[in-house]
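Here is the structure we will look at, set down as structure tokens.
First chain written, first letter: the chains are A, B, C, D, E and F, and each begins at residue 1.
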Amino acid sequence: MSDQPWLPTLITSTPQEGYELAIKLSRMGVKSTQPNVELLKKMRPDYAENADSLTKASQVIAINFQTVAAANNYWR
Amino acid sequence: MSDQPWLPTLITSTPQEGYELAIKLSRMGVKSTQPNVELLKKMRPDYAENADSLTKASQVIAINFQTVAAANNYWR
Amino acid sequence: MSDQPWLPTLITSTPQEGYELAIKLSRMGVKSTQPNVELLKKMRPDYAENADSLTKASQVIAINFQTVAAANNYWR
Amino acid sequence: MSDQPWLPTLITSTPQEGYELAIKLSRMGVKSTQPNVELLKKMRPDYAENADSLTKASQVIAINFQTVAAANNYWR
Amino acid sequence: MSDQPWLPTLITSTPQEGYELAIKLSRMGVKSTQPNVELLKKMRPDYAENADSLTKASQVIAINFQTVAAANNYWR
Amino acid sequence: MSDQPWLPTLITSTPQEGYELAIKLSRMGVKSTQPNVELLKKMRPDYAENADSLTKASQVIAINFQTVAAANNYWR
């Protein structure tokens, strides 16, 4: 991971921004295991054109969205 | 994702509307990884006619429904 | 999903009724992706006679039961 | 499921009894999808002798144990 | 499971002991489905030398650690 | 696991450090099942070059991040 802070806060203005942060968290989980961006791009068709892989990706986002939503007290 | 806000709030009037929002969140998770709608339609038989894929889809909805239900204080 | 409300409330009288609601939620997750009931029936042997598929189905019920149990304050 | 109530309460005396209840909940999730006990027995070697299947079974128990533990306020 | 209580409490002195309890809970989930220890030993290479199986095992531990950490109020 | 404490606390200064702790927890879950570091290194291409394996790894991190984030009261 880069020296630049990529996750300064879990607080967002809106649920949608929270969802986008959940997507970012999910991608950082992938990058922390495979930091080679070129390799990740090559793998893209393996999951982006596979229905089950997309469902799995959506699941990771859903788990991270639980965290972000709780952090923001559900934007109530 | 489009410029139009698609997730203005997690609050819904009824549990059922909350469940429908959970379905929407699950689909947005897929679309965020594969935005090509034509490709998604082509993949549809891959999961919509496969029992395990349907169970996995139901699982993502269940996780998102946990978030929406908590946001709505379970519509108590 | 039909026009009839199928999820008017998450509140149940007993834990067991809550568990049955969790089963219902899990099935609605499947139906929301594949509304064709005839097709779902045809797929039944694919998962109902496969140990791993049954475990996966039990997992979705477990996730939904978490939601229903929290909604009912665990019937304490 | 039988007419006899099998889940009268989520409250248990000890964490270990709570864990046993989590096992029971996991099995009822399987039985709710496949009520034929003879068929379930025949499938037993498919998962009881497969490492990944055992891990998956342990995961469902872990999810149900979260629910039971929360219901019991973690037996604190 | 043996007559000896193996889970007297979810409370631990430190986060690390809590993590070790989460490992124990994950293993008991496996043993509750397959109590034959000799068979479990034979299966060991099936998962201990398979990257995805190790990830799955780590996931079950993570779920159990959520429970143990909450029980201990996160050792705050 | 070594005699050195590797998990003295779940508290971190920032969300990003919390995320890094979640990565560490996920790896310790793998190591607790397969402590042989040489073997783990050999397996690395099996998952680090496989899209679904990377998604699964990201999921375990997401689950552990839920725990760490709650422990830190979401760094609010």
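We adopt the following convention: a residue touches a chain if its C-beta (ideal position, glycine included) is under 8 Å from a C-beta of that chain, and two chains touch if they have at least 3 such contacts.
Keep in mind the model is a prediction, meaning the values are calculated, not measured.
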Chain hops separating chain F from chain C, counting only touching neighbours: 3
Shared chain contacts [chain B and chain C, defined touch]: none
Identity of the chain that, by mean CA position, is farthest from chain B: E
Most distant chain from chain A by Cα centroid: D
Distance between the centres, which are taken as Cα means, of chain E and chain A, whole angstrom: 27
Cα-centroid distance, chain C relative to chain D, in whole angstrom: 16
Junction residues of chain F, two or more chains touched: 47, 56-57, 59, 63, 66, 70
Topology of the chain contact graph, where touching chains are joined (line, ring, star, complete, other): ring
Residue ranges of chain D touching chain E (in the complex, touch as defined): 14-16, 19-20, 23, 47-52, 54-59, 61-63, 65-66, 69-70, 74-76
Residue numbers on chain C that touch chain B, as the complex places them: 1, 5-11, 25-30, 32-34, 39-40, 43-44, 46-47, 53, 56-57, 59-60, 63-64, 66-67, 70-71
